[in-house]
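See the structures that follow.
What follows is a pair of complexes built around subunit A, which joins subunit B in one and subunit C in the other.
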Partner chain A sequence: MSAADTSTVKKTGRKFDANLLRRRVKLSLAHGFVLTLVVIMLLPLVYMVMMSFKTSTEIAQNPLGLPKSLYWGNYMEALSSMGYVRSVLNSLFVTLSVIVVVVFAGAMAAYPLARIKSRASQLIVMIMALGLATPNFVTITPIYVIFRELGLLDTYLGIVLAFAALKLPLAVFFYTGFIAAIPIELEEAARLDNCNNWQIFWHVIRPLLAPVTATLSLFVMIMVWNDFIYPLLLLTDKNKLTVMISVYKFVGNTGIDPTKLFPAAVLGSIPLLLLFAVFQRKIMSGATAGAVK
Partner chain B sequence: MNKTLVAAAAILVGIGGSAQAMTDLDVVAWKGNVAQPAGLPELIKRFEEQNPDIKVDLSYVSRKDVDKVVPPRLQSGNPPDVTMVDASLVALWGGAGFLSDLGEDHDWYKKMLPSVKKVMTLDGKVLAYPLEIVGMGNFVNMDLLKKAGIDKAPVTIDELKTACTALADKGISPMIFSGGFSAMLYVGANGINPKGPSPAEFGNGDLKFADDPNYNAALDSVRDLVAAKCFDPKLQAALDPWATAPQAFRSGTVAMLPHGAWNISDFAKVDGLNFEFAPMPSSFSKDGLALDLVGPGWAIPKDAAHAEAARKWIEFFAKPENLNVFLSVENAYSPYSGDATPPPKFSGPYTAARKAGDSILWPFSNEEFPKQLQSEWENSLTGFLLNLDKPNKDTLDRWDESVEDNL
Partner chain C sequence: MRHRKTLYLFIIPALLVIGVFFVYPIILTFNMSFTRFQGIGKATQVGLKNYDRIFSRDRYLEAAWVTVFYTVIVVTAMNLSGLFFAAILHRLPMIRNFSRAALYTPSMISFVVVAYVWQFLYSPLNGGINVALTKLGLGAFTQNWLGDPNIAIFSVAFTQVWMFTGFTCAIYLAGFAGIPEEIGEAGRLEGASSWQRFRYLELPLLGPAITVAVMLTTIGTLKTFELPYILTKGGPDGATRMLSIEIINNLFGQYKFGFASALSILMLILVLFVAFIQNRVLRDRENTQ
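Moving on to the complex of A and B:
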C-alpha cells in the first residue's frame, strides 16, 4: 500500500469516526430525553407504590422520603376490608362482557353506516357522536327508571347493558371511520364469490378490524374499569360490586388517608395494568395502524 | 313418623316465618365506610341486636355523589329506606316532596336546638333527624407554639399576628391558609358579626357584602396576617384544602390550620402531634369565635319500602347512649339540649368559646347563604390571595352577584 492510500484510509476513518460519534451523541441525547420523560411520567406511580408501604407516622413526618421498611399492614387492611378478589373478578367480568358487546354491536352498526352513502346514515353517525358528548347526569335517571321497569337493577346483565349502551357511540364512531377506509374492491371480490352481506362482514371486514378493535377495547376497558357512578347506582348487592366501588367505599372522598388511599389505588390499578401488559402488542399495533403506508 | 312430620313442618314454618319477617333496611350515608366509620358499624350491630327482625344494609355514597346517585332512586319511587341528608338536601328533596314528615310528636324534636330545628323542618314538616353539630376552628400545634415562646392557642387577631411573627422568626411555618377553605373560615369568623345583622339578610340580597364594613375589614385583616408573616398568600392560593393542607399539619411542620373538627380523629393518630382545636381568632370576641356547622341527619324518603323499620332506626339514634357513640367518634356536639354528651376530645378552647356563647352557625350549613355562594367564596378568596392589591369591592361584588343570580 502506498503512502497516499494509507493517508486516504486514515482520512476516511477519521471522517467515519466523526460521523459515527456525532450520530451516537445524537442518539444518546435522544435516548436520554426519552428516558427523562419516562422517569417523569413514572414518578407518580413510583410515589404511589412507595407511599403504600409507609406507616401513617412515616408519611406524616417524611412524605417524600423512601419507606424505612416495606410495611405490609396497609395492604393487609385494604385487602381485608375491600373484598378485593371478588370485586376484581366482578370488574373483569363486567369489563370483558362490555367489550364483547360493544365490539360486536359497534362493528355491525358501523358497517352499513360506513358503506351506505345517504343523509340518513350521516344523520345516524351524527346522533351517535352526540351520544359521546352527553354528560352522565343526563342519562343517569332515565337509565335507572328504565332498568327498574325491566327488573335489571342489581344484576350483572343490567350493568353490562348500561355500560354497553353508553360506550356504543364511541365504538360506532371508531369503526365507521375505519371501515370507510377499507377498499370497496375487497367486498366486490367477495360478492363475486357469492358472499352475502353478513358473510362479507364476517369473513372480510371483521378480520381487518383487529387493530382498531384492540385500541377501542383499551378505551372501553379503562372507562368501564374506572367508572363508579353507574355501579354505585345500579348495584347494591355487596357481592356484585366492582373493584372501583370497593376502592371508593374503602377510601371515601371527603378527606385523604394516605395509608388507605395508596394501597387501594395500587390494588385497584394492578389488574388493569396486567390486562394492558397482556394485550400491549395488539393495542400498540391498533394505535399505529394506518400511520405508515 | 307423625311426630317427625310435625317437627319438620314446624321447622319449615319457622324458617319461612322468620324469612318473611326479616326486613332489609336500605340505608344510604356518606359516613360509615372504612375511612370515616363514624361509629356506624358498632351502632348497626347494636341496632340489629335490639331489632333481630331487621338487617341493616348500609351503602356508602360520598356527599358529592349523593346528588347523582340518590335522585334517580327518589324519582323512580325506589328510594333507600333511610338516607343521610344535610340542610341543602332537606331544602331540595323536601321541597320536591320526596321526604316523609317525621312529625313533631317525638322527645327528640322537642329537645332539638331551635337553630337546628329551622334547618331540619320545611313548611311545618319535620323532614330530618339531625345527628350532630361539628366545629370548625383553628388546629394549633402546641409544641411548635411553645418553641416560639407561646403557650396558649391564639383566639384574637392580635394574638394570632403575634404568634405568626414569633413562629416565623424561629423558622417555623406559622399557618396554612388555603383559599378553598381555611381562608373562608377566617373571613367568615371576621365578617359575620354574631351581634350584627343575620347572615340570611346577605344571603337573600337584602344587604350587600360590598357595603358591609365587617366583610371589608375581614379582607383587610387577611392582608394584616400576610404582613405579620402568617403565610405566603400565593402559595396558599394553590394549596388543596382537603388533601395537602391536613397532611401538612399532620407532618408537624406547620403550627396552625383553620379546618373542621372531623380531622381530630386523624390527627390524634399521629404519634407526637400535640395539638388543640381552638375557635377561630376573631375581632368580634376575645375568646375567639366557634363556627358550628349543622351536620347531617337521617331522613325517610316518602316512598320508602320499609318506613316502619326506618322509623325504628331513627328512634334508635334518638337514644342518647346511641347518639353519643356517633358524636364521640365524630368529635361533634349534640344538636339536642339536655343530653349529657361528653365534649369532643382535644377541643377544650373551642368548647369553652361555645359555652361562653361565642359561636355562630356556619351560614353555608343552614342555608342562610345559598349553596352556590360557597363556591364563589372559595374561588374569589383564592383569587384574592393571588392578588391582595385589588380592592375589596372586586371580591365582595362577586358574592353579591352570586346571591343575585340565585334569587
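Moving on to the complex of A and C:
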C-alpha cells in the first residue's frame, strides 16, 4: 500500500467507512487475480517436476495429475547414464575461464573507452554493439571453419574463446558505463604521484569494479549454462560436453522418452535455479539496467 | 598528453578476441557467401549464384518472412504482457517482489529444456494442455498445437512469450519505480481512475523503459533458433522455418557452407536494419514526448 492509502486509513480510524470497505475488497480481489495468474505462469515448471517422478505407465494413465509417490528411478537412470556430474564440472570450468577472459579484457578495454571520446573509440563501441546484436547462428559457419584450421575444435580453449567473444561486448558496455561514473579526480591524484596508466588502472580503478564484475559473472554463467549452438557444434568429445548438450544428447530429438526427458530437464535446470534463488536481485537489476534514464 | 596514447594499448586484448572471433568470421562469411564450399577441400568461386538462389526461390524469402513475422508477434505480446503485469504489480507492493521473481524464473531455464517440456505440453493426445482443456470441459478447444500449420507458429511464439514475460515485466517495473511518486499522488487527488493514471500519467513517462524493453526483446527474438528447432524442426510444412533453421540445416545437414554463409549475410543485414530503424524510431519518439 502506498503512502496515500495508509494516511486515509489513519484519518478515518475505526469508523466504519463503506468506501474503505469497497477499496479493501477491490484490493484483495486484485491480489488474488494476480497471484492466480502468476501461479498459472509457473505451472509448466510444476508440470516438469511432477512428470520427472512418474513411471512410464503412470504418465500414460495420468498425464496431468500428481505422481502417486516420489519415484526416484528416473533420476537414478539419468544420473548414471547422462554423464551429469562430469558435464556440470565442464560447465563450471568453462564458466570460470570465460569470466577470467571477459573480466580482464572487458575492464581493460572499457577504461580508455570511458575516458577518451574519439572517432576510434566510437568505432569500437559500434563494433561491440554489432557483436551484441548478432545471433550465434550467423557466426557459427566461419567459426567452425576457423576452429578446424587452428585445431580448436573439441578443445576447452576453443569453446572458452568463442564464448568470451560472445560476452565481451556486454562486459565492455557494463564496465564503460561504470568507469565513466568514477570521478576523474581519483586518477589525477594518482597521476601526480607519478603512477603510470597500468598502475592507475590496477590500483585505483580495478578495486572499484567488484559490483559490475559480480553481475557480469552471473550473466556469463547463465549463458555458458544455457547456450546450445556453440557447444553443440564445436564440441564432440563426450568428456567435454556442457550441461545442456549432455541433456540434449541424453534425450535425443526423436521418439522422446518422458522418463528420460523430465529428470534430465530438472537436473539441467537446478543449478541455475539455485543461482537465481540466491542472486535474484542482482540478476534482475543487471538485466533491467538502462530502463530508467 | 602522452598517457592518453598509451591508454589505447588497454584495448588490445579485447580487440584480439573480438577481431579473431567476431570481425574476422563476419568477413569470412562474406567471402564464403560467393563460393561453393563443402567445409573441407577447396572453395569454388561462384559469384552471385548463392544470392541468386535465395532471391529466386520462395523458400528462403518465406523463411525471412517467418523470422520477421515471428519477431513482430513475440515482441508485441511479450511487451504487452510484461507491461500488464508491471502496471498491476506497481499498485500491489505486498506481492510485487515475489511475483517479479516468480515471473522471471522461466527465463532462467535453457531454451533446450523449455522446448522439450513444451513439446510434451503441446502434444496432441496426452499433452498437458489438451488434457487440461478436456478436464475443464473445454474439449472443443483442443488442438494439434504444433502439427497444424496455421497454429504452430503461434504455439512456438507463446512458449517464448511465456519465457520472457518476467523479463519485460522486470524492466517495466524498474521504469515505474523511476516515476516520481508525487505524480501518481497528484492524479489520485484529482480523482483519476487507475486506468487514467496509467494511460495519461505513467505511460508517457515509461518511454526509456519501453525503448529498452522493445530493443532488447527484438534483438533477442531475432536470435530464435532452439525453440522451433526442437519443437517443430521448422515444420509443419515450413510454417515455423526461420532463417536460423535454414542456416543450421544447410550447414550441418548438407555441408553447404557457401550457401549457409549467404543466408547468414541476409540474416545479418536483417538484424542491422532492424536495430538501426528501431534505435531511430524509439529514440525520436522518446525525445518528442
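Throughout what follows, the second predicted complex is superposed on the first by the 214 of 293 C-alpha atoms of A that agree within 3 Å, B and C clash if a C-alpha of one lies under 4 Å from a C-alpha of the other, contacts with A are read in each partner's own complex, and residues count from 1 in each chain.
Please note the rule applied: contacts are C-beta pairs under 8 Å (C-beta built on N, C-alpha and C of every residue); 3 or more make two chains touch, one makes a residue touch a chain.
As the structure is a prediction and not an experimental result, all values here were calculated from the model.
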- Query: Given the touch rule stated above, what does A:I140 touch, subunit B (first), subunit C (second), both, or neither?
  - Reply: both
- Task: Counting touched residues of subunit A, say whether subunit B or subunit C comes out ahead.
- Result: C
- Just subunit B (first), just subunit C (second), both, or neither: which does A:K260 touch? first
- Partner chain(s) touched by A:T57 [first = subunit B, second = subunit C, both, neither]: first
- Query: Just subunit B (first), just subunit C (second), both, or neither: which does A:T236 touch?
  - Reply: first
- Quick one: classify A:R206 as touching subunit B (first), subunit C (second), both or neither. neither
- Using the superposition on chain A described above, determine whether A:S81 touches subunit B (first), subunit C (second), both, or neither. first
- Message: According to the stated criteria, A:G252 is in contact with first (subunit B), second (subunit C), both, or neither; which is it?
- Response: first
- For subunit A, which residues lie in the overlap of the subunit B contacts and the subunit C contacts? 59-60, 63, 136-137, 140-141, 143-145, 229, 233, 248, 251, 253, 256, 258
- Within the complex, which stretch of subunit C touches subunit A? 3-4, 6-11, 13-15, 17-18, 20-26, 28-29, 32, 39, 85, 88-89, 91-95, 98-106, 108-113, 116-121, 126-128, 131-132, 135, 162, 165-167, 170-175, 177-178, 181, 184-185, 188, 208-209, 212-213, 219, 222-223, 225-226, 230, 244, 247-248, 251-252, 257, 260-261, 264, 267-268, 271-272, 275
- Item | subunit A - residues contacting subunit B, complex | 56-57, 59-61, 63, 77, 81, 136-137, 140-141, 143-145, 148, 153, 229, 232-233, 236, 248-258, 260
- Of all residues in subunit B, which touch subunit A in the complex? 26, 30, 33-36, 57, 59-65, 68-69, 71-73, 75-76, 78, 242-243, 246-247, 250-252, 262-263, 266, 269-273
- Task: Show which residues of subunit A lie in contact with subunit C when the two form their complex.
- Result: 1-4, 27, 30-31, 34-35, 37-38, 41-42, 44-45, 47-48, 51, 59-60, 63-64, 101, 104-106, 108-109, 111-113, 115-116, 120, 124, 127-146, 161-162, 164-165, 168-169, 172, 191, 196-197, 201, 222, 225-229, 233, 244, 247-248, 251, 253, 256, 258, 261-262, 265, 268-269, 272-273, 275-276, 280, 283-285, 287-288, 290-293
